[in-house]
Every structure is written in C-alpha cells, then in structure tokens.
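One structure is given below, encoded as structure tokens.
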C-alpha cells in the first residue's frame, strides 16, 4: 500500500530552513538564535520522522509513504523524479538520523560554545542532516546519489572546518576524493542498472521499478551492478580499499565525528546495500565479496585500533571495524541484522565520540590517551556514559551491541561463511580489548595529564551531558527491540523490516546459543587482556611493543597503506601530469609543433625575402627562370 | 587580303567617348598646369577629378552594349564598361588622396595629374581592346605613364630607383609580351581577338607557335599582375614610389592588367584553356605562397602591402585557373572589393606618413595609432580585415566567390593551398592591427581634419568595403553580366564546354 | 625571299641576345639598348610573319612598336638622367636602396 | 515572414555597439552598453517562454533573399538545440558587462563595450543562422571582437595569445568554408539549384570519400573551437591572457560554438561518416577529459587551471555528442550550458581576485577564507558546480552524458568516469591552496570581500546552478524534440550499416544478447514500464523493422540449432 504523505517534504524542509537561516542570518543574529535554530530544526524533523514512523506502524506491513516533489532528470527516454518515500527501512534510518542528529546538534551547542564560527558550523550540520535525509528518503538511486554526495560534501566541509590548519584541509579533501573514487563506481553501477532495464524498455532508477523488473537482470549484470555500487559503498562507508580517509577525518570537530563519521553518514553504504537487497540477492558472488570485504575490514581496522594513542583515532578505526561487521551482515544476506547494527552502532559509537569529545573539551583539546588517565573523578557523567557505550560495543549483554553483533555473526555462520564468522569472532575479541584499553587509559590509573590542563579540567555543561545520558540509555537498552527469536517478544526489529529487506533464512544449521556464547567469551577474553595490560601490569604493553617491534610499527603505521597509495597513485599522477603531460605533451610536443610551424613559415619567408636583392639584374634573372619554366612547359606540350 | 573599306570600320565614337574625354582631359590638365606652383596644384586635381567624373557618366552609358567598333579593334560590351567604370573610380580615389599629397610633397601638379589621366587612359584602353595590339598599346600607355609617376619625387633617390627598376623590367617584359603576340599572330594569322577565338575553335592544339605564344603572353601579363616569379619589381617599386602612385599601381594597374589578361585568356583563349590552366595553377600557387611568406617578415607597410598585392594576384590567378564564366565574374567581383580595400589602406598610409618624407612607413610607426587617431585606426583595421578575408567585408565575399569558382571547376587542391595561404596572411595583417591597437609608441599625431579630401577617400573606401561585403548582390550581378556580355553570343559554347 | 624559319630563327637569336645583354651588362643604358634589341627582334618576327601570312597587320604593328619604343626611350632616358643626377651612377648593381 | 524577433535579438547589440561609440562619458558608456545587452536578454527570455517545446522544427523563422546568385538567404530560426545557448549567451554577456563596469576594465571602456556588443551579435548570429553562409559569416565575425578583447585588454603575452587564437581558428574555419562551398556545389549538382539552406544540404547524397573529406573539414573547424585534444593549446593561452569578461565569453559561449557546430552541421550533414568516426571522437574525448584534468592539476596559475579544466569539461560534451544517443546529446547540450555558467563564474571569480591582488599565482594565496568569506563561499558553490555535485547543474549534464556513453560503449563510460574523480581532485586541491590554510602573505589579510556589484553578478549564476541542478525539466523538454530529430539520420545510417552487416556476416546472428545500438535506441519509451512508447513516427516505422529483424534472427538461430 502506497500513500501520498506530504509531511515527507516537511522533513526535508526544516533542515533546509536551518541551512538558510544559519547561512544568511546566523552570524548576524548571534549565537543565541543559532543555538536554538540549529538543533531546533532537527528536533522538528525528528518529530516529523516519528509521525511518519507511527503512520507506517499503523498501516499494514509492507506499506510505504510516498511524496513526489517534482520531475527531475529526463534524458532520452530515461526519467527520474525527485520523489520521497518511507518504508520500514527508511523509517528506521530517518529516526536514527534525526534522533541522534538532534541530540548531537544539541551537544554541539556546548561543544562549539567557544568557536567564533558557530554559524558556519551549524549551517554545515543542518546541510548534512538535509543531505542525509535526502539519501534515506530518496525513492530512486539517482536521488539517493544526491544525498550520497551531499553528505560527502558536508563531511569535507566539516573535516576542514578549522581550515587554517593545512593538514585539516588536506584531510577534508582526502575524504572527498576517496569518496569520489567510490562514487565513480556508484555512477557506473547506476548506469549499468539503467542500461539493463533500458534494454528491456524500462527507463528508470526507481527502487520500486527496479524491484518489479528484476527479471531483466542476469546474474552477470546484477553482479556487475552490485559490485560497482558496492565500490561506492566502500568509499562512503570506509571499507577496504577506500577506508583511508576516515581516520584522518577525525580532525573535524568531535560532534561531526560522532554524527557523520560514526552514527550516520558512514552507514549509508550499508543502507544502500540493504535498500537494494533484492538486487544483491541476485548476485551471490557480489554478496560474497561484500561479506568478505566487510569481515576483512573489520579485522584489519581492529588490529590497527589496538596501538593507536589518539583517542579519536582509536574510535575511528573502531568505526571502520564495526562498519565491516555491518557489511558482513548484509553480505551474508542478513540485511536486517546489518541495519540493526547500524542502529545500535549509531547509539554507542555516537555516544563514544561524544564522550571523547567531552573529554577533549574538558582537557582543552587534548586527544592523546597517553596524556590522560584518572579522569573518572573529574568527569563522572562522561565516565559512566562512556562505560556503558564501551560495554555495548564490546557486545556484553544486555547492552545493545550484543544483540546486533550476535545477529550478524549468526547470519555469517548461517549463510555458510564459516571463515568469515571466525574472523568476526576474533574481531569481537579485539574490539573488547581496544575499547577497554581506551577506557582504562582515559579514566583509570594515574593521571598523565599536563598539570596545566588538569587544572582547568572539568565536567562538561549540561547541554553536552544530557545528550550523553540520552544516548547512554539508548545504547544500553536499544538492542532490546531485536532479541533472539523466541525470547520474550523476540526479534521485533527484523519482523518490522522483513517486508522491505526480506527475512534471513540460514542455509546452514546454526548451533544457536552456542555461537553467542563463543563470541561473548572471546569478547570477555579481550576485555580481560585489556585489564591485565593496562590496569594490572601497566608496564607490559611497552615491553610487548619493544619485543614485537616490527609488528608494532606495522600496526602503528597502519600497514603503510597511506604511504603505499602515495607511492603508487599520488606521486606518479603528479609526476606524469606535470612532466610528461604538461611539459612534455602540451608545451613541447603540441605547442612546439604549432610554434614550430609559425617559425618555419617565418624562416622560409625570411629566406625567400633574400631573393629580393634590390639588384635589377637579379630580378631579371629570376624573371628569366620563370620564362624558362614556362617556355619549357610549352615546349614539352609541343613535343608531346 | 580585303581592300580597306571605311564603311566596314564602323567609326562608332560613342563607345570610346570616355577614352576620348580622359585623353583630352590629360592634355588640358597638362596645359592648364603651366605656371601653376607645385604647392598649389589642388585646382588641377579637382579638374582631373571632374573630368574623371564626366568620363564615368559616359562610361555608364556603355553598360549593356554589345558588339565591336572600329573594325573590331574596340570591344563594346559590358566587360569594357565594367572595367572602365572600375578604373575610373580607382583613378578618382587616387586623385582624391593626391590632392593634399601632391602639394605637400611638391610634385609638379600638371605633370602628375596628366600622367594619372594618361595611365588611366591606357588602362581603359586595355579593358576596351578588341585586338592584341590595342591591348599592347593600352598597356604601354599605362606603363609609360606609371614609370614616370613612380619617379615623380625627382629628388628622392628611392623614388628614382623605383622608377628605373619599374621601367627597365617593364620594358624587358614588354619584349616578351610582344613576342607572344607575334607568335600568336603567326599561328592564327590575326591579332584581333574575335578572329583568334574563332580560329581556335577549329582545333589548333599542338601548334608550336600558338603554344609558345601563349606562354609568352602569360609571361607578359604575369609581369603586369605581379605573378611570381615575374613579381620582383613590385615590392621595390611600391615602396619607392610616391604613396598615391603606389595605390594606383596596386589597384588601377592591376585592374587594367587583369582586364586585359582576363579578356585575352578567359574570353578569347578560353577554348584552349586546357593549354594554360596547368601553368596558371602553378603560377597561382607559387604566387600566393611566396607573396604571403615574404610578407610575413616585412617591416615596411608599403612593402608589406606590396607582397600582399602579390598574394592577392595569386588568389585572382586561382580564379583564372578555374577558367569559366563564373570564375570570370568572380575575378571581377574580387577586383571591386580589392580595389576599394587597397585604396583605403594606402590612403591610411598616406595619412600616417610624415609630410614630405618617406618616414612613417614602418609598421612600428603605427603603434598606438588607435589612441592618437581612433577613426584612422578603425579604418585601417577594417581594410586589413577585408584583405584577410574576414566576413562580412568585401574581401571575404570576393575570396568566397573565387574559391567557389575554383571548387566548381574542380580545383580542390588549389583551393586548399589558397585557404592555407589566407591563414598565413592573417598573421601579417593582424600584426599591423596589433601595432595599431595593442602597442604603444609610434609617430606623432596624424591629422585628417586638415586633409578633408584624404578623409573623404578613406571614409568612402570604408563604406564601400563594408557595403560591398554585406550587400554584394548588385556587384555580383554586374560582374557576371559584364563577363557574360564579353563572352557574347558567339562564345557561349565555352560555358557549355567547361561543364 | 628569305624563308620564314630563317626569319624566325634570326628573330629568336636576336631576342635571346637582347635578353642576355639585359642580364649581363651592368650599365643601365646598355641594358636599355638590349631591350630595344629585343623589341626589334620581335619586329623582325612580325615582318616575317606578315609577309608569310600576307596580311598587313604585322607590318602595321611594327610601326606601333617603334613608336612605343620611342616613347619608352624618351621616358626611360629621362628617368635615367634623374637617377644619375641624384646618384651619379648608371650602374644597375649600385641601385639597391630598395630591397628585401 | 517571421516576426523579426530573431533579427532584433541579433542586431540590437550591434546598434548598441554603435550607440556606445558616440557616448562621451565613461559612466554613460557602461550604462548604455548594459542596457543594450538587456534587450537581447529580455528577447531571449521571451523566446524561451514562447518556444513550443513539442516541436522539433525551427521556430520564429525569418527568411529573406540575400545574395540570390549564390542561393544565399538571410534565414534565421531557433530550435531546441540553439534556444538555450542563445539564452546562455545573452545572460553571460550581460553579466560580463555588469562585472567589467565595476573596475575590471579601466582603459578604453568605450571600445571594450563596443567589442563586447559586436561579439554578442556574432555569437547570436552564429547560433540562429540556418543558412550556412550566414552561419559562416557570423562564425568569423565573432572571432574579431574576441581578438581585440584579448589583444587590447589582456594580460601578459596577450598579443601572442590573441594571434594564436585567431590563427588556430582560421585554419579550421577556412577549410570549413571550402567544404561548405563544395557541399553546396554538390547540392547544386543534385538538386539543380544553388542553395546554402541547411535543411536542403542535409539531403545531399554524397559518396563515401566525399563525405569523409567534408566531415573532416567541418570536424576540424569545430574541433579546434571546442577544443578537442590535441588542438587545444590555443585555449590556455587565450583564456589566461584574456580580460575576465573575455575569458567568460570565450569559455562560456564561444567554445560551445564548436560543439554546437558538431550538433548542427558536422553530424547531421554527414551521419554515416560521423557514425564511423565515433570511436575516434570518443577516444579523443576521453583523452581530453583525463588529459585536461591532469594538466589542470599541475598549473600554478589559477586562470590557466580553469582553462585546462575547460578542456576536460568539453571532453565530456564531445563524449555526449558522439554517444549519438538522445540522453547523451541532451546531456551534452546541458553540459554546454553548465560549463558556460560554472566556468564563466570561475573566470569571474578569478578575475575578482586578480583585480585585488594583480596576480593569479596560486602560491600567492592561501587562507583567503578568513579575509573574504563571502567570496570563498561563492567560490565553493561554483567549484562544486564545476565538480558536478549532484543537486547542482553540473551533475545533470555529466550524468546524462555518461548514460548516453554507457549505452553506446560501456568501456568509454568507465574511462570517462575517471574524469569525475580527477575533476574533484584538481578543483578541491586548488580551493584548498587558495582558501584554506593559514594566510601566508600579509596582503591577503586586508583584501576586500565581494562588492555589491560583484555579488549581483554572481547571484544569478548561482541561482542558475541550483535551478538547473534541481529542475532541469523545462530546459530538457525544450531540447528533446530537436535532439531526437537530429538523431534520426544517424538512426537511418545505423540501420543501413547494420543491414550491410546482416547481409554479409552470419556471425552476428549469434549476437542476440548484444543488442545493436539501433534497436536499443528504438526500443526506448519514456518512463516506459515494459511497453516502449515511440516518440516519433520515424521511430515507429523503424521499430517494426527491428522487430522483424529480431524475429528473423531468432528464426535463423532455430535453423542453425536444428542442423
């Protein structure tokens, strides 16, 4: 059942109002107005989102709300419109985006209280919310791509928010470019879909239309399309090989990291795969690729997170790792599980970042965990909320992370990816380890804080702590909507999503609870190791680092991937562009030919000019040459 | 041999009335000028102008005529009328731009203006001739007068040198032309054009006298129209001669020469065009190319315009190569536009020159002209653009017409060469524009306000260059009906043959 | 009567002598005389052809040519004189103010 | 015949040019030039509004005899392909004049306005001519004012740049003139009358060799103008040394004349040859896209960088055109408009910077955001438009082009899509170096932000970027019928080619899955759900044919299988 629902337009309208307000009036009307309008519009959007969600709930399963804004692109026979739609999947996403977004906006009021550029900040933030909502509300791939690139833009702008620092600016650009590489794949993916459908006389990118005409796809075409789109997802959701931008993105203001680089934008790839689940289901090998990339990324990023000392970097790699989980989930066919993890992750990772932000804020900008410690007393609320988040991400029941991660691992196992399941489980242990390492280094033990900073250290103001508390509650109990089937109310979440993303049916018999217990055990082992190394024997990590120096350096240098890209892509590109193309081809070859022609003409002119010696008899001689030529020609004609 | 019968001669005076007027005027001016100071020759100029005007009016009356007069020595047709009119206009422009110049440069007015009239007479005679000998006479009348004109600045060694070079090479060349006439005479038994044409129709291919005669005629005309390699005199003479005379040589002489050339070759030797178009093809190609290449490196504007004139002769030869009715009218149209453009350009050269000296002819003297004298600069820019062949100016339509004709006759290669040459020529024409508009420095302030006649000449030339370009229709029809009338009823088969 | 080919050959030879003289002699006056030689060679040809063809045209032409040559000579000599006045030379290779 | 509105559009600027020349006061010069440029702007808006979007024919046609001896007439008309370019021209000229009056041009303003207005006449005339001769006249006319604009008001090696521009263009255009004449003579040969009228010339039957040479001549002229690699080197010089307004018009409008020429002349006149040449042009377009972007990346001079970016963007346009698919061609036209707006805006912005600092070296800047935030913000939007961010205009064109290309050759689309990445790379890097980072040169701290006039120049452009990005429908609707019509001869040529293939090559029978582009183009229905909805009569006819063809193929396969 599809119902036209005008309020969908309003969901977009309010963030847009926010953007315009902050852009044009923000700086003039002052901080007070910005602080109200900035978060306010998102809260309104949140309320509208709840309304739409309630509407969906009240309608039969599988219903969707639709609202066409206007016809958009038509070219040849191809046609897409600017249309919005909400079904179960996007309803969940809208709530995540507006809900968490609203609280992070609120938090930002406090976090950005001392920044002169607050109006610009909220402009970007509201713009981000707008783009993200377009992304999740889009009723076709192309419009989704508008949001997709829009959030990328906002990410770029916000990473480079403190533009005076050239490194920050560089990181912003790096994010945008990495995303663009993925987006190129995304575009090709869309084109493939259009071509396949168009071949059958269908010229649209509408999700519903694609779904209805799945028959036009062969396995090959579906695989190609899915893989290309997934390339886009690896960019946006920071998976191998395009993840490199995300850790560097942490130089942006922390609320940005929380909202964009943890809770919402980076999960867009997962959302896209889930949204196109029907297409992916046609392409088992593409699914396999998605799952494998997800699992490998999860492990890979987790290992790097172990040795990082920058609190936000740890969280960044953790995010990449968790995103890997989500892809493992959707790649295994457990789409609901993936989205479920998107949600819980949004709670706890958003919270983790906000807490980290609170710490950084409290310490006047310090991000190095080796210069923290013992902050438990100074920032109690931050500590407690962060503890909840850490437990949640470490997948300890009954906190939310446990349920979603469990569902994903079950999916991986159930779809027959046994190897990937093992990677997932190991990663769970690593997650527990590095997260508690972070917690211990920050809040426990002796304070290693610069005394100057410690002097000013303080708990954050309520405007920041309230969002912490709200999110902490969500992180704690948010997973209860997706309990294992047969336990209390069971898996409400998957049932709700089922009409949209289908139900996961295992191909391999799963040993049920045993799987959960194994994963849980490994997580706890990770936590215990963290406790041993950072509370019980704090000297030990240094010893290990010293002993396994090669491995330690490898991890610390993030497997040298940045350097690798630099060596094989960036430098050759510049070298070729400058020396071969610009100087070699353009200046030397082409312009050389052009100018050479000119010079040759002038030179021959200068030479020919010498025939005009001024001497009459030379002239007569030249004349005679002409005479001889003509006479010879006519004699030739006569003789012939 | 027929006995001479006065009745058969057909003394039709009316067709040669313009010639008579010009001839009489030449003598009147010469006589009237006795005792007139060199600085005060303007009156004589006006007299000359008036007589040219009268001749123009009578020449207008010839339009549409057909037939021959004086036993075929004089051709009475649109072709002659067309060229007479054009030559008269060119001469009038030259007089107009000489009015101040002659006084300023102390040229002896009586001789100067009468020589102009005499050479005009020669040109008109060439255009009107129905006989090779009359063409020869016309050519010599024109040339001898112009030799003297080139040396009018008697105390200027450069002017002397121009005159002597022109004279010697001209006389040398006359020998070839005459020899050619003699050979043709030997081959066909006549020097009258119409009977030659008739004789050719009875196949004479391979006649050695005819072919060699053809070659010699080519050489002779080639010299007058400044085709490479018979062009060598052109730059030196153009540079050394007084500028109005240069203008006259670049336009009047060239028009007159082409009038004869076209009439002899395209009209009367048309039936054997297979025997001359290959030679003309080569001449056209090297003329365009050499002219443009050497023009690239010139620093003196008159010399540059001389090479440009050579190049334009090349374009005209492209038209001749095409050898057809449409090509004939293309050439004639081209000459109209070419005449006005070049007259205008030389008028600007006169305006920029320092009075009484040859200085001011360097292209670098044009630097900053746009600031000092915007109108003059704009006029020069328009002339140069027209010479380049930029639409919608006269030069463009002319080139278009010529290229069309050549393509229609199938000379794709030649047109490509011409096109590439046009591009080359853009470089040096535009270099002058660069000097005028984009560089600073140069000579002092040229004034037009004290030389109203010169200003009028430039203004009229600008107007003509633009008008002929954007509204070519009447000129095109004039040219084509003129040429067709020369072809006449008896020659119609030529068009058919060329299709 | 002299056969035509002889006439034509003589005419051609004289013409070539004229051309050669024009090109080789440095003195302007002699160059001019060479030109006269060329013209007279042509005259010879005209006369020969006229007698062979039996028309008057050729002979008439010769008169025209002689007249024109005279006119040319008049103007030419005047020019040569004025050159000599200014430059005090009648050598062709010394007249090269104008070149290139 | 005709309302005269097109004549008015073309020649009012010329009147204006004459009018400004008699103005003595400098202010009056600027004002009158601006007002005169508003007239064609208003007229072109009227054209846009009154244009019948359902017709593929020329509209507002005017025709008068001009040079009847040559079959040349003064024949004007506007169709979906030229309509929008006319609008673009009038908009950019007006804005350029508005901008230039704000201090950018201080020397000889009268001549400047004169040449700008003459230029407008030339540009509009080129777009609106149906008679080929008339077209050629305007084509050359637009060259001259631009030459003066670069040569007089330019910077640095302006004279070199100006003459290079002229000579490059002339080589192509004069050869094209020869080709035009040749074509007309062929027409005369076939139809018995001289005519330069384009619709007639479309019908001229040509031999293969004739077609190839003529196409080559036309294509060369247009390729130089576009410019297509490797004929592009006049562009960086001309763009860089030109005054700001000159660069805007040069990049914004004049380059489009090349691509317009392909659409109007080179392709429809010689469809069969164009079809053969597709691989060459696709390859050159791709090289241009990548090459332009890479070379732009390493330019130290802002304006040069933007200039090379034009090479890259125009590569996209060529790609779309030679996809020879409605989507691709529509995208290409759209991209022409986009490029005009975005690159025009970029040149304006660089000019504004130059006016303040008298340098365009990127290394002279850095951290400008702090001192000129409005400028930086505007620059950001313009840059994003140029990058092709969805939601802004650039994306629509780029996407349609890629779509058209993909339908023709997926491989070409794969290569071309790298341009999307590289475009972002060099523009963002530039932005970063200019706007971000600390202020490295003390002078940059005190430069003034945008003035009211400058904002007034930029606002319409930014509005257009947004509008065209979000609601391209009214524009595409107007161009669609003309594009379809233009492609009909291509479809016919494809059909003929395929027929030859079919009769000879049995192997193709196995190639059922690999649809010929013909049937793909034909089986396309708008917003079609299943049943293709043919949009023109020709299409329907061809449709039947294709279905037959496919049935035949199937039959043949069955026979083969039976053996």
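First chain written, first letter: the chains are A, B, C and D, and each begins at residue 1.
The definition used in the following text is that contacts are C-beta pairs under 8 Å (C-beta built on N, C-alpha and C of every residue); 3 or more make two chains touch, one makes a residue touch a chain.
Since the model is a prediction, treat every value here as computed from it, not as a measurement.
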* Asked: Chains in contact with chain A and with chain B: which ones?
  -> C, D
* Chain nearest the overall C-alpha centroid of the shown protein atoms -> D
* Structure fact -> Chain-centre distance (mean CA atoms) for chain A and chain D, in whole Å, is 35
* Structure fact -> Per the C-alpha centroid definition, the whole-Å distance linking chain B and chain C comes out as 25
* Using mean CA coordinates as chain centres, what's the chain C-chain D distance in Å? -> 66
* Structure fact -> Averaging C-alpha coordinates per chain, one finds the centres of chain A and chain C separated by a number of Å equal to 96
* Structure fact -> Listed in rising order, chain B residues that touch 2 or more other chains are 164-165, 168, 172, 235-236, 427
* Structure fact -> So chain A residues touching two or more other chains come to 598, 609, 612, 614, 616, 620
* Asked: Do you know which chain D residues sit against two or more other chains?
  -> 167
* Asked: Got a list of which chains touch which?
  -> A-B, A-C, A-D, B-C, B-D
* For the chain A and chain B complex, residues of the former touching the latter -> 598, 601-602, 604-606, 608-609, 611-612, 614, 616, 618-620, 622-623, 625-627, 629-631, 633-635, 637-638, 640
* Structure fact -> Counting only contacts in the complex, chain D reaches chain A at residues 164, 167-168, 230, 232-234, 236, 291, 294-295, 297-299, 325-328, 330-331, 334, 367, 369-370, 384, 389-391, 395-396, 399-400, 402-404, 406-407, 410, 413-414, 417-418, 420-421, 424-425, 428-429, 432, 435-438, 470-473, 476-477, 480, 515, 520, 523-532, 535
* **Contact set on chain B toward chain D in their complex** => 370, 385, 389-392, 396, 400-401, 403-404, 407-408, 412, 415-416, 419-420, 422-423, 426-427, 430-431, 433-434, 437-439, 472-473, 476-477, 480
* **chain B - residues contacting chain C, complex** => 1, 133, 136-137, 140, 144, 147-148, 151, 154-158, 160-165, 167-168, 171-172, 174-175, 178-179, 181-183, 185-186, 189-191, 235-237, 239-240, 303
* chain C-facing residues of chain A, complex -> 609-610, 612-617, 620-621, 624
